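Quick one: this structure, given as structure tokens, is what I'll be asking you about.
Labels A, B, C and D are assigned to the chains in the order they are written; within every chain, residues are numbered from 1.
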Amino acid sequence: MFKSQEMEINMGPQHPSTHGVLRLKLRLDGETVKYCYPVIGYLHRGIEKICENKAFFQGQVWTDRLDYCSAISNNLGWAEAVEKLFGITVPRRAQYLRTMLNELNRLNSHLVWLATHAMDIGALTVFLYCFRDREKILDIFEAFCGSRLTTTAMRIGGLLEDVPEGFDKMVKDALHAVRTGLVEYETLLSENRIWLKRTVGVAKLNADDCMAYGITGPMLRAAGIAYDIRKAHPYAAYGEMQFDVPTRPEADTYARYLVRLEEMRQSVRIIEQCLEGLPEGPVMAKIPKVLKSEVGEVYHPTEAPKGEIGFYLVSEKGGANPYRFHVRAPGFFNAQAIPLMVQDSLVADVIATIGTLDIVLGEIDR
Amino acid sequence: MSHVHDPKAAPNRKINLPKTAPVPSPGAHAADVKATQAAEEAKWQKTLADYEIARANAISEGKEPPKPPVRHAVKADAHDMRWPVPVEAQDPDLHRLRELLGGAVEECFEQAGELVCQVKKEAILDALTICNQDVALRYEMLADMTATHYPGGWGFNFSIVYHLTCIRRRKRLRLRILILEGFEPESATQVYPGANWLEREIYDMLGVRFANHPDMTRILCSEEWEGHPLRKDYPAVGLGQRDIDCREDRSGVLTRKTMEAAGHLGINLKPLKAE
Amino acid sequence: MPEMTLVQTLLIAFIQAILIIVFVFVAVPLTIFSERKVLGFVQQRLGSTRVAGRLGGITGLMNRGMWWMGKIPIVHYFRGLPGLVGDIFKLFIKEDVKPAKADRLVYLIAPAISMVAAMMVYAVVSFYPGVLFTIPSWVPIIGGLPVAGAMADVNVGILILLGIASVGVYGIVLGAWASNSKYPLLGGLRSAAQMVSYEVPLTLSLLVPVILAGSLSFGEMTRGVATGSSPWAIPSLVFGFFVYMTCGYAEVNRLPFDMPEAENELVAGFHTEYSGMRFGLFYLAEYINMSVVAAIASAFFFGGPWLLPFGLQSFVPEACWWIGQPHWYIYVAKIFFFLFVFIWVRGSWPRYRYDQIMAVAWKYLIPLALVNLVVAGLVRYFA
Amino acid sequence: MEALGVTEPTLLEHVLMLTRVEKFMNWSRATSVWPVTFGLACCAIEMMAAGASRFDFDRFGSGIFRASPRQADLMIVAGTVSCKMAPILKNVWDQMPEPKWAIALGSCATCGGPFDSYHTIQGVDKIIPVDVYIPGCPPRPESLLYGFMKLQDKIMSSSLADKYRELFEPPAQSPIESVEPIDLIHEGSQ
């Protein structure tokens, strides 16, 4: 007598919680998601094409804008990839500073993640608290490289300059803010019944699926696999650092939340070690003014806050710019798994899923 | 408002097609080194010959003979830079792969600590399956996959690289195939489901289609996009798709027409389809 | 009390209505404003502190004044208050968009249904069950007549209240349906299910004071619960209060139950397609409903105008020449306290999921309310 | 009158006595500018930072970010507009009711920024009318606040008569003569 019909609905590109311009075509039966098809490309800016037309020195500027919440990770990945291509050895002090900046950046990125994820689930105040603590880290970036978000912090062969005066005090202040902040977030969320109800058992993705879909980073670690490129293929000064790789077996949103919070604590630990053991010396390797490449091909993975970010470079003989430049963005793979995770869940869980994936459309669309 | 395809109207739309195809391999590198040495040697011989002629001339004219040229030894590099040279395969994984794939392997080498295996284009699915399922290899994850356009390639137009990761043994491997324009390699989605979007991206950006792919559509650009942007013959500023300018259009009608032509306008406004 | 003519009755009622409208339209914008300020306070920021305009003319005076206000401890929270006038007036003069495919009539009247239903509830809310003030004798026709603290304190007041309050859901559902858009439709469906579900435990929890006071009239109930109930009734009142407040949050769609307009899920929920003052009406209706919930909670569970903490009510004079009837102020203060709690909760808690909300209503609140009702009945019978 | 430098009032100004009402309207619009949540790229993060504790956009009475464009007055185009996004951006802009304003936040929205490539619109002003341009990549939150104050000034000095002319008096050269009218998405208020 009554006809029932599934409803197609577009979530995004303009939607408050798609973290930019992701678009999900959903087919709903009531509130249950029966089919989900992500559409990306609304922020495609042609970064790969641009970088193929820019010199090795210049390309870094565009890597800032890939994952704009964690620009320094991208800078580091890019610089290391070019250094690997050319076989450049970076001074030890520069390695330490890079490690420190990268970890600060991880804190920054995780804070943005927690802020937006919590706001999507409705916890307004956590958003503001996270942004409050994040400002301290941004101040450090600003003191170091003059910009808050798009840092361009690395140079091929090291760093442009040594750290400014009073740098370690700023870092210590920021670490203190983050440490006290973490207590606040945990008070507001970790044992909050509503938070638990919204996150426990939501958006599950087990380890096999993670690996099949190329998902890395906190997502993989929350599925019980202790794979961290900082440990597996140590780069920068990570080989000399003492830190743990947190894992959880549950593979749900709450596990990822806990893993990321623990990662922030480990980052604090790494930064403290860097501050203590910071060696003296130059921060820049001796390299020619203009890099002329031979024929080469390199893929360099590093651990960005969102997972493995890899830079693939092909160089031609005598070329000053890469022949081919490709970014393996973690968000690209994470976004691909959305249909898998939201199948037969509710609309509200789609929001939680997008939040827990920690996607940034800048790196997905490039 | 209309698309500008005329390079004269937009001079920076000109492109320089590369003449060479930089595909690294030990053989090519050795040949390159040899060619460089030969060129240097030839240059030196020419310098010597020039000197001999100049000396003979000077003696015959009664002038003072020029100084003999000095062949400089190769300078010790003052930079912290050592170009990583491709070397023959030493890693057991590569040997295992060569053993299993047999004649399908075209080349195996290591460069900058990365394992590279170039296989025949028809055998890529076999190679991926072996990498994924062989007990000794077990590369569980396809970390990345991308292609490169070589308009100047001899016998191939594209290289497609697969970056595999073995999480348990912390190993990485690069598989590579070289294909001609129009060849459709087997899709990797049958082995690694995560290759779905990667292959769509390759199709979108470079125009390489994959056989047996579940959904071979454009992913980043819209469906109506002309050309494949990451090809070397595609200008960096595009073929004119971006040159929308509706600043003179006060009522917005023209803008809307342009936008509708660009597609994707009816978001959330299309009527429900009755069953 | 002398017998009144029809004209006199109507005029008195008119005055009462005006008073209630004034109260509502002072209380609601203040709530909206303090929502921003209190949220700002919770979130370690300032909230609105200034209005547009250069440092000249009226705007300059306002901005300078607010700058000086910033130096005074408590007063500085009220900076930015003039901006509220701007908010409301701007909504009035904003373009009123009607979607082309919308059901025109229903689309137009839906916000009015919400608003009217919310306002009409105040007809039976008794601010003070006695005489609020007497009209001076020099006024023609109605001179010397008393004005009661309730517009219509009828003996089935609580029924009217619940009945009218449940009409409010029609405004939301109809508005959502008439928009002919998908997100509003989802919001409307959520809202219908949620409100119908939460009506049940809400009514059950309100039956506790009804049983304890033995009356259905608003004023009688308030007085009965506040003055006549035995100490044994306190547990059931406490449980009743918690059930009632939970349902109240759900009924007015506030966090953590703001499903129909869950901003991060459904864009703006049922009023996604509404603009201008029609949206403003929904917006105001939400806050009026909040104040109604706060009024009922403070009347039936917190002693309404009669009780103060620590027995301080015994020091309140019966009447005071310079502020009028003092009990009225106690009641209004309690209402504002509960409005503050609404905002406080919003600043602290995440949002439930839709199915979880339903589970809360049907699995926990209704059984709890039923048991509570039985306990209250036993208390009433034995004590 | 001419000697005093005062121009003859136009017909419109004869008919309508607008000044005081207009001032109040402008003030109320300027003091409650509600932006639509429309983040595109990097600048959206700075826009969020501008709304957060340290900078607190809400001080200007504009902290109410509306998710639905129907209820918003201001579109802050924060980030790069790609060719694929342009129609959607235009659509969202059309869904906003009058009066509405746009801020182009950041170099990308202003002029394309560093992305001089095939898929980026070189400035959002090619699609929608922009009131305030804020350069920077991304601009600091202070820049956004300053740009916002400039927008308030602009609103305060706007005039109903200008709006009337813009809406009802035809432009000198109409580019739309050759185009037949098409269905609009919504009816405006008439």
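Basically, a contact is a pair of C-beta atoms (placed from the backbone, for glycine too) under 8 Å apart; a residue touches a chain by one contact, two chains touch by 3 or more.
Remember, it's a predicted structure, so these values are computed and weren't measured experimentally.
The minimal number of chain-to-chain contact steps leading from chain A to chain C is 1.
For the pairs C-D and B-D, the larger set of C-beta contacts lies at C-D. Chain A has the Cα centre that lies closest to the mean of all protein Cα atoms in view.
Ranking every chain by how far its Cα centroid lies from the centroid of chain B, the top place goes to C. The centroid of the Cα atoms in chain C and the matching centroid in chain D are 36 Å apart. The distance from the centre of chain B to the centre of chain D, each centre being the mean of the chain's C-alpha atoms, comes to 44 Å. Look at where the CA atoms of chain A average out and do the same for chain B: the two points lie 26 Å apart.
One simple way to say how far apart two chains are is to compare their mean CA positions; for chain B and chain C this gives 66 Å.
Across the assembly, chain D contributes residues 52-53, 67, 84, 88, 116-120, 184-185 that each touch 2 or more other chains. Contact of a single residue of chain A with at least two other chains is seen at positions 7, 9, 13, 15-16, 41, 44, 46, 49-50, 128-129, 132, 365. Chain contacts: chain C has residues 43-45, 182-183, 263-264, 267 touching two or more partner chains.
If you check the complex, the residues on chain B that touch chain D are 220-222, 229, 234-239, 241-257, 259-260, 262-265, 267, 269.
Residues of chain D touching chain A in their complex: 36-42, 44-46, 48-49, 52-54, 67, 69, 79-80, 82, 84-85, 88, 92, 114-120, 137-138, 140.
Residue ranges of chain B in contact with chain A, taken from their complex: 18, 20, 22-24, 28-29, 32, 78-84, 111-112, 114, 116, 140-144, 146, 148-149, 161, 163, 165, 167, 170, 172, 174, 192-194, 196-198, 205, 218-222, 229-230, 234, 236, 267-268, 272, 274-275. Residues 7, 9, 15-17, 28, 30-31, 118-125, 128-129, 132, 188-189, 192, 194-195, 197-198, 346-351 of chain A touch chain C in their complex.
Looking at the complex, you find that chain C touches chain D at residues 36, 40, 43-54, 59, 80, 82-83, 85-87, 89-90, 93-100, 263-264, 267-268, 271-276, 279.
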